[in-house]
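Labels A, B and C are assigned to the chains in the order they are written; within every chain, residues are numbered from 1.
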Amino acid sequence: MNTNPAPNAAIGHNHVPKMTARNVNVFYGQKQAIKDVSIDVSPEHVTAFIGPSGCGKSTFLRCLNRMNDTVDGARVEGRIELDGQDIYAPVMDVVQLRARVGMVFQKPNPFPKSIYENVAYGPRIHGLARAKADMDNIVESALRRAGLWDEVKDRLGESGTAMSGGQQQRLCIARAIAVDPEVILMDEPCSALDPIATARIEELIDELRGRYAIVIVTHNMQQAARVSQRTAFFHLGTLVEYDETPAIFTNPQQTRTKDYITGRYG
Amino acid sequence: MATIAASAAAPLERQPTDWASPEMQGRIAARYRAERNFRRLGAGALMVAAGFLAFLLFTIVRDGWTGFLRTEARVEVMFDAATLGVDSAALRGPGAQAVLARADYVALMDKAALQLGPASDMLSDAAWLALRDRLVADPTLIGRTETLWVPVRSSIDLLAKGKYDLDAPADSRGVTDREVSDWRWLDSQGRLRTVFNQAFIGNADSTEPELAGIGGAALGSLFTLFVTIAIAFPLGVFSAAWLEEFAPRGRLADIIELSINNLAAVPSIIFGLLGLAFFLNYAGLPRSSPLVGGITLALMIMPVIVIAARVAIQAVPPSIRDAALGIGASPIQVVFQHVVPLALPGIMTGTIIGISRALGETAPLLLIGMRAFVTDTPQGLTAPATVLPMQVFLWSDDVQRGFVEKTSAAIMVLLFILILMNSVAIYLRNRFERRW
Amino acid sequence: MTLLIALLLVIGLAGFAYLAARARAGKMIVAAAGRFGAVHSRPVYHGAYVAVLALAPALIVLAGWSLVGERWIEQQVVGALPAADQPVDKLDRAALMNEVRGLVAGDLPQAFNPVAPKLAPVYAAAVANGDLLAGALAVALLCGGGLWGYGRIRPDFRARTAVESQVQAVLLLASVVAILTTFGIVLSLIFESIRFFGMVSPVEFLTGLQWSPQTALRADQVGSTGSFGAVPLFWGTIFIGAIIAMLVAIPLGLLSAIYLTQYAAPSLRRWLKPVLELLAGVPTVVYGFFAALTVAPLVRQLAVAIGMSDASSDSALAAGLVMGIMIIPFVSSMADDSLTAVPRAMRDGSLAMGATMSETVKKVMVPAALPGIVGGVLLAVSRAIGETMIVVMAAGLAANLTANPFSSVTTVTTQIVALLTGDQEFDSAKTLSAFALGLVLFCMTLVLNIYALAVVKRYREAYE
């Protein structure tokens, strides 16, 4: 398998990439979790990271907004850029970076606050609203974009944790959108949800496409095929193949990709 | 509602946030400042807590380390048979020990003390004990002169240790001019020395600071803890085993569990009231005794042991039980041959923590009369006794200055034992803790 | 002495029963020629079964006798006196009994009480009779139980099952001790309190503002009844334990926990946690000494420096301050548990929005952990108000109703100790009032604990 040529970091040259990663290595203590990954994230597409569990796709995703900083003993090497700025440079401000690169987690994690306060949390800490009316507008538009407004507009004061799982996850998406980020990272956002709620989130991802650069990690290949335009296949900490989604699923260049997609291992 | 209706009609389009604007940059800087301040606040709180501990230990060691030393004066003693009031011929006979026991050592001491000139009354009231011990050890000394070191009065002892501020006015420094001049004279004559204070380790309590020791209290603590362990350990382990392995789900188990959880939180002094009302006044058990103290403390720490033992038993995986049951062991055999031995490190950790709590406890023992002034080492489980923390309490109440260093020294001993016990508990926890 | 012999005899006989039963079962196995299963249980179980049957009732008799025997003897002895000479007062009675005991044991060369020498033989006889009676009963029960058990030994007798039931019964008995202790506490507190409330009205006790339990020596003196309004005590307890101590312990404990859980490097955390635990392991008498000898003079100097000439040397502030320090590790470990129980996803969610750690802590973690923290603080309060040694050594005895931290107040526990140590007469209102105070303290801590544990439990369940 080592004879495989290095996968393409960039596909075509028609876009200026939103984020670029070059030769990224991640270590947890002595253990290397990511080996020499280079990839470009397009601003207009949904990029999916697929691969068997433990392949490092979530780890790599967490590098893109430096969430690995919060893990004890984690170390990141290589260069990751957002709009040409090195996000691991000392001058880079993590707070600002995370406001620009939002994240949605595997399990819905609304704060134990009201629905309104959950969405207003980001704008409030970043000082994005001057008046109560501004904040109302931000909350409403974020909830609208997350497709949640009609369900919750009459109960904004209720606790965010009292909703159904699918609603909670859309609330978390609304919470991320409220800061108006440029990139949204989604770490297996549907893995804890039932099929109906999953379909709802997938629709939502499609609606958000174009406005935000979206990177989604999923272990579900059908989901990657449905929502993404670009797909990257990770295996054992390396990026095996990165291409247009239809190409990956119909004509994979690597044996390992083919084996995974056809279900030889998973 | 009007604004929302309006905005619903026209979907909002937001300007992208300009993170580079001076306003935004200033805001971010302010947030980072707040972050640093908060972090410092947390570190500061920890420093204050640790600082208190350090300050406490510092004051106690500063005041207490001299308690392990005592000052002695050199006297040349002529073991004169006439002064002792013994017949030197009788000493060669079979009743020599009885003769020696009746001899008048106080008179001999008083005579020998005269050579200290102005400071002749500055020897400890119990200095004669040194003469007796010497002579009993070697009866041939009769008629000969021997150089002996005997303890001095507490005030001289403290002067020698520099415990008084001699620059202070005479009426507020706590020591008389005469004592100061006597000390200076003794010191200039080279008659003083400072040695390790064996009396402090071996003796029981006394009204004289230079004679008081923690030996009696330490033995009392030992007796009391013996009773405590003998009762609390089996009761605790048995209760835990029953609750975890045999108790049928039901009202009885719930009531027992509730009782244990509540007993764990009952103030210790309430156990003292129980001991006073039930064990002393109702059952008529002997007051001030290690027996009653031990029973009271056992009831107090039993919940601690039960709770720790239950956690340890819960941690033993069901697969062990299944394996033993699978080859035909009975439930009792499973529990006593497999589960409890595997849970033993956790049980021991809980037990040691419970015992160290019992060792440091004072309040309930106050109520059952263990504050007795006991000048002898306790003779048994039913004889009056005191315990280490109680000795600390009694001495701390004493107005004599010499007891301050004794109190702190006793605390040092108590803390040393407690730290040792806790270290053993932590070691056991780390050494034998198994992750299944 | 007779009792000790009886005990040894009982243990020896039980050992004999064990050996006899084991031998009999062993013979049965030999008779069965080693066919597996012919004898249900191994010989040791037969032996143990019979030994337990023999020993248990005998030990219960002996234990019961040693617990109540002294009272029975006392009744016998005092009852031997003509009714007019019998001491009415409990303390007189105890003194008389002490003299009688001293005479019998030979410790006391001469009695002060003229009737004591007459009672000495009565006492000796009562002790001898009682011990003999109890010993005989024990041995009789032992023989009966042992013989009955011995008779049951047969090849198909399930001795192991029987022994296991016996062991289970022992385990159950051990568990029941917790209930008995709780009952013992409640009963002794209530029983003595009822006697107290027979002398002083509960309303006066719970609402009165005047506390001076010193009853006069002679009945005709002024204020011979004392006054038992406990409100100043309750106030002092709350002022020191729930206000001053908590003002110290809550901020320091909470901030320490936040720093340890969110900021400190794992290596630092490994070192600092044991240090905090050490702070919790220091005996309270040490804190009391520290409060009285070191902190109280400093507080007094401070009070004088800010112009309070009448500052007390046993101020509420000194005791409360040191009690607060004592409680820090308690608050911090409860807060530590609560903060750690907040799901990591919650923290990550906030950090991923670009919140700083302090914003995350203040706006997400602490609100989420609040029920747990509040429960922990309530437990800490219950611990502080029941704490005794610090206030006994550093707080005063004057029952003042004041909110000035530099003046002296007294607490429930201080008064309990003061009332029950030193010279006491057992049936006086003064002594009994200590039990009424104990009852109030018990109820206060019980309510606080049950409520706090319920809060904490509900909080833990919310995140499971």
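Following the convention adopted for this analysis, a contact is a pair of C-beta atoms (placed from the backbone, for glycine too) under 8 Å apart; a residue touches a chain by one contact, two chains touch by 3 or more.
Here the structure is a predicted model, which is why all the values come from computation and not from measurement.
Among the other chains, the CA centroid farthest from that of subunit B is the one of A.
Across the two interfaces under comparison, A-B and B-C, the one joined by more C-beta contacts turns out to be B-C.
If you average the Cα atoms of subunit A and of subunit C, the two centres end up 58 Å apart. Measuring from the averaged C-alpha position of subunit A to that of subunit B gives a distance of 59 Å.
Subunit C has its Cα centroid 19 Å from the Cα centroid of subunit B. Residues of subunit C in contact with at least two other chains: 356, 359. For subunit A, residues that reach two or more other chains under the stated contact definition are 95-96, 99, 125-126, 179. In subunit B, 31-32 are the positions where the chain touches two or more neighbouring chains simultaneously.
Within the complex formed with subunit C, the residues of subunit B that make contact are 31-32, 34-35, 38-39, 41-46, 48-50, 52-53, 56, 59-60, 234-235, 238-239, 241-243, 246-247, 255-256, 259-263, 265-271, 273-274, 276-278, 281-284, 299, 302-303, 306, 330-332, 356, 359-363, 366-367, 369, 371, 389-390, 392-393, 396, 404, 407-408, 411, 414-415, 418-419, 422, 426. Those residues of subunit A whose C-beta lies close enough to touch subunit C in the complex are 65, 67, 70, 72, 94-99, 102-103, 105, 107, 109-113, 121-122, 125-126, 172, 175-176, 179. Subunit A contributes residues 93, 95-96, 99-100, 125-128, 133, 136-138, 140-141, 144, 153, 179-180, 182 to its touches with subunit B in the complex. Residue ranges on subunit C touching subunit A, taken from their complex, read 265-266, 343, 345-356, 359, 363-364, 367-368. Subunit C makes touch with subunit B in their complex at residues 67-68, 70-71, 74, 160-161, 163-164, 167-168, 170-172, 174-179, 181-182, 184-185, 188-189, 191-192, 251-256, 258-260, 262-263, 272, 274-279, 281-290, 292-294, 325, 328-329, 332, 356-359, 361-362, 379, 382-383, 385-389, 392-393, 413, 416-417, 420-421, 426, 434-435, 438, 441-442, 445-446, 449-450, 453.
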